[in-house]
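Which chain is which? They are A, B, C and D, in the order written, and residues in each are numbered from 1.
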Amino acid sequence: MKKLINDPRAVVEESVQGFGLAHANLVTVSTDPTFITRNDAPVSGKVGLVSGGGSGHEPLHAGFVGRGMLDAAVPGAVFTSPTPDQILPATLAVNAGAGVVHIVKNYTGDVLNFETAGELAEAEGVSVRTVLVNDDVAVEDSLYTAGRRGVGGTVLVEKIAGAAAERGDDLEAVAAIGERVNANVCTMGVALSACTVPHAGTPSFDLAEDEIEIGIGIHGEPGRHRIPMENADGITDRLLEPVISDLGIASGDRVLLFVNGMGGTPLSELYIIYRRAAQVLSERGASVKRSLVGNYITSLEMQGCSISVLRLDDELTDLWDAPVHTAALRWGV
Amino acid sequence: MKKLINDPRAVVEESVQGFGLAHANLVTVSTDPTFITRNDAPVSGKVGLVSGGGSGHEPLHAGFVGRGMLDAAVPGAVFTSPTPDQILPATLAVNAGAGVVHIVKNYTGDVLNFETAGELAEAEGVSVRTVLVNDDVAVEDSLYTAGRRGVGGTVLVEKIAGAAAERGDDLEAVAAIGERVNANVCTMGVALSACTVPHAGTPSFDLAEDEIEIGIGIHGEPGRHRIPMENADGITDRLLEPVISDLGIASGDRVLLFVNGMGGTPLSELYIIYRRAAQVLSERGASVKRSLVGNYITSLEMQGCSISVLRLDDELTDLWDAPVHTAALRWGV
Amino acid sequence: MAVLDVTWAVKWLTLSAQAMAEHRAYLIELDRAIGDSDHGENMDRGFQAVLDKLSETPPGTPGVALKLTAMTLMSKVGGAAGPLYGTAFLRAATSLGESAEIDPAALANALAAARDGIVARGKAEPGDKTMVDAWTPAAEAARKAAVDGDVLAVLVAAAEAAEAGAVATDPLVARKGRASYLGERSAGHRDPGAASSALILRAAVGAAA
Amino acid sequence: MAVLDVTWAVKWLTLSAQAMAEHRAYLIELDRAIGDSDHGENMDRGFQAVLDKLSETPPGTPGVALKLTAMTLMSKVGGAAGPLYGTAFLRAATSLGESAEIDPAALANALAAARDGIVARGKAEPGDKTMVDAWTPAAEAARKAAVDGDVLAVLVAAAEAAEAGAVATDPLVARKGRASYLGERSAGHRDPGAASSALILRAAVGAAA
């Protein structure tokens, strides 16, 4: 294992410190327990937005703290959801009286820890609504699993719900927008290589030189199945097909196309994937109105990508376009 | 070699196509020969800025085409400088009569090809000035080499010269600003792993599990020397020391600190490097006024990073802060 | 004869912490195969924090010791295991109440309460390839042993049943937790949470022996 | 007896293209060791384009063939090699003028012009571990052979000298081009551009044989 780290157990702490130093104009880092808030939190009258999860997915979530997106991010250990004693103070810190929305990726650990924190916050008089993100179409039989995972769509939920909160929507409305995004986005991912969790020291799975993992999550876990290596267009089709069919994308649909890198794939390759995905969507009569290409929700240094499609309507488009000022996503300001 | 590509020889073409599709609101992609221009080029009255070089460093340069930065980017084959028959039409396309600045990284191939293109453009009546970027302190004896390479500092030269052009500076002034940035920035890089050029198919060098390459460039070339793996703080000190001493950073200096990922390193690790570098600079009495952390000038999927320090003055700071709207760098708009 | 008082409780938790440290890599490896490589690290971090807490505020009764453990695991483990173990220890503590010493029946009840807490929290059923598959047979064996056995016999019965339960997760296809995403590919691997549960119940025997 | 007319020139360029395709991986490997792994790809791409051009617009004289080659390499090779080979072929073409057939003296002059073009462009001196280390001895050997030899003898002398020159780059420490960044570490490897130069000059012999 070769990493730019000091102590494997200090990775999150030191990385968050560096993040705080680099973006002191945007965020405040609280330690013991660790969470990150936007500098002007709580924003008077505004619904607070809190997300969090295991670390190792950077820039998610800390990179999305700031105007027009999250009010707080709560990082757990690498690939380990944070604990209620982090989530609760983050929730209290961003509550301006209008309540707080928790954006939670659907993993057992995240759900249980945010659930507890939400109860504790309610007990302290803060109204909390939870938006559960579960956009991963790779999980086929949600009856026999912990349900679909929250993956790439999380970024879109955070951006759009963040814009709704920023324009002054109330608690129920912000949660409803977040749920609408979640209901209209599907994602599927592929890994060309595994990643190595710092405290584990060995790659999260073993993959032959000519194999890839289809249907991976974002925690370095193996995917649903393993197939021989294919070219970029073939892989794109394989990822996009279930996304399109699950969303029921039809001719005339307007969509946002999000090609996300898992951390170790060159940007140039993500654009090769984007090219094919955009072509296929146009062939189906869908119109790609917005795009996002880059490393936004990653698995450490894993090579691979995910493709997300979000069905847009006028309101979601406007909210997507609304100004956002965070370390990792910025426009209009 | 496992990559998200189709034909190794079509990597640049397909990637640029995808880039054009994803950012059609910003850029126009010309093919045969290939170059990328901002949509509103030539901008009346404005000095044009053209940069280019081998591909494999994305988002550089195409990701920096747009308002406040480059007018055109000219991508060569992977790690191969572009040819005059690409550079010339790009230069002509962005010339609005105020002349064109070529921002050229100091590599023999880039220098020779831009030189020829510049002569051809002059022959067609376009005034061309060249800013040569050579910020790599890893190259020690420039008398016995092709001179210092252009690396991380290139991004800063492009941003700041781009802002100068946007505010209406004339040809000499834009070139002078670019040269001032170059004179005030130093960079040094490290590789934890090699990268694999698509058409070559094997890693650019072999590195043992416990070794790192110090003083690498951005073309997957081996570095100046090889040392046993160290922790992040040790590596940071090793990169930063020659940068600080070459620049002669003294107490009271204001600086921009740029920690750049080589493409395959998690963002979280870059922040660990940033943390230490910011600490060391403060200990020296320098004041870190601006920061940039992320993958901006890469070597495909190489793991590693570079640290750049730019000495700021009021004007450079203002130009850095000026609005920029490109695919990879955006603020104020 | 074994006496399950606060000394035993502290020793149990200390031996558990030792077991987590010792088997950290093993639990990571189990989780690497069908999860995300963190279970050993999470449990080790959590139980080290438990040790710190126990020496900071020495508990007066077994119930207090377990409650302190519950709160610490809840705030230090994270992931799925944190809330689940937290709930288990909390329910066990509540079941024990303020008594200074635990008799066989109380012990069996506490183990059943722990098991029920995990199920209430995580909604897993036996056979879903989770820690429930260690705790369910453990609680059941404890109940039977408590009819005419002493506390040591109850602890031994629980530990053995948990160990057998953990081994029995090997062929199962996971239906809860992270391993469920693997579908059929989760078969042929031991559930990490069931394995850590067995280690913790074995430590309880060690503390009483 | 070998006649160096346009047929020879086209055959030379065709054999050069074949040599670049055949030795593509070898040249990439040389460049991988002390450069950036692209020289074989660049030369192969460039000479394939030369073949296309030659069949599109068949040249009338050796000079026209070399000029077409120069322009094509300049616009298709990129990197350092593109402008350097482009200049070499351009200067050689200019030196040959419009003559339909090349005699030994003209041949030696053309090779010297090519060599001087590379030096003018790239500012490298002999011993800097570049293609200059193949072209300098080649031009020199051609000059000597032209005194009393026929064109084939001149070509053979040039090719052999270029090959020896390329081999002689092995121990050198690079002072120009990308390999110079390696400092002492560049010693012990053959310069890729010197190697491709030797291949091209060897193809000239093959075309005349």
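What we mean here is this: a contact is a pair of C-beta atoms (placed from the backbone, for glycine too) under 8 Å apart; a residue touches a chain by one contact, two chains touch by 3 or more.
Remember, it's a predicted structure, so these values are computed and weren't measured experimentally.
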item	value
Shortest contact path, chain A to chain D, counted in steps	2
Chain D reached from chain B - shortest hop count over touching chains	1
Chain A and chain B, separation of their C-alpha mean positions in angstrom	29
Chain C-chain D separation of Cα centroids, rounded to whole Å	75
Distance from chain C to chain B - Cα centre to Cα centre, in angstrom	54
Length of the line joining the C-alpha centres of chain A and chain C, rounded to whole Å	32
Shared-contact residues (touching 2 or more other chains) in chain C	none
Per-residue multi-chain contacts in chain B, two or more chains	none
Contact graph of the chains (line, ring, star, complete, other)	line
Which chain pairs touch, all of them	A-B, A-C, B-D
Chain B-facing residues of chain D, complex	28, 32, 34-38, 41-42, 45, 74-84, 121-122, 173-178, 180-183, 185
Footprint of chain C on chain A - complex, ascending	9, 33, 54, 76-85, 107-109, 112-113, 115-116, 138-141, 144-146, 149, 197, 199-200, 202, 204-205, 217, 219-222, 224-225
Of all residues in chain A, those that touch chain B in their complex	2-7, 11-12, 14-19, 21-23, 55-56, 58-59, 63, 192-193, 209-210, 212, 229, 231-233, 235, 257, 263-276, 278, 288, 291, 293, 295, 298, 300-301, 303-305, 330-333
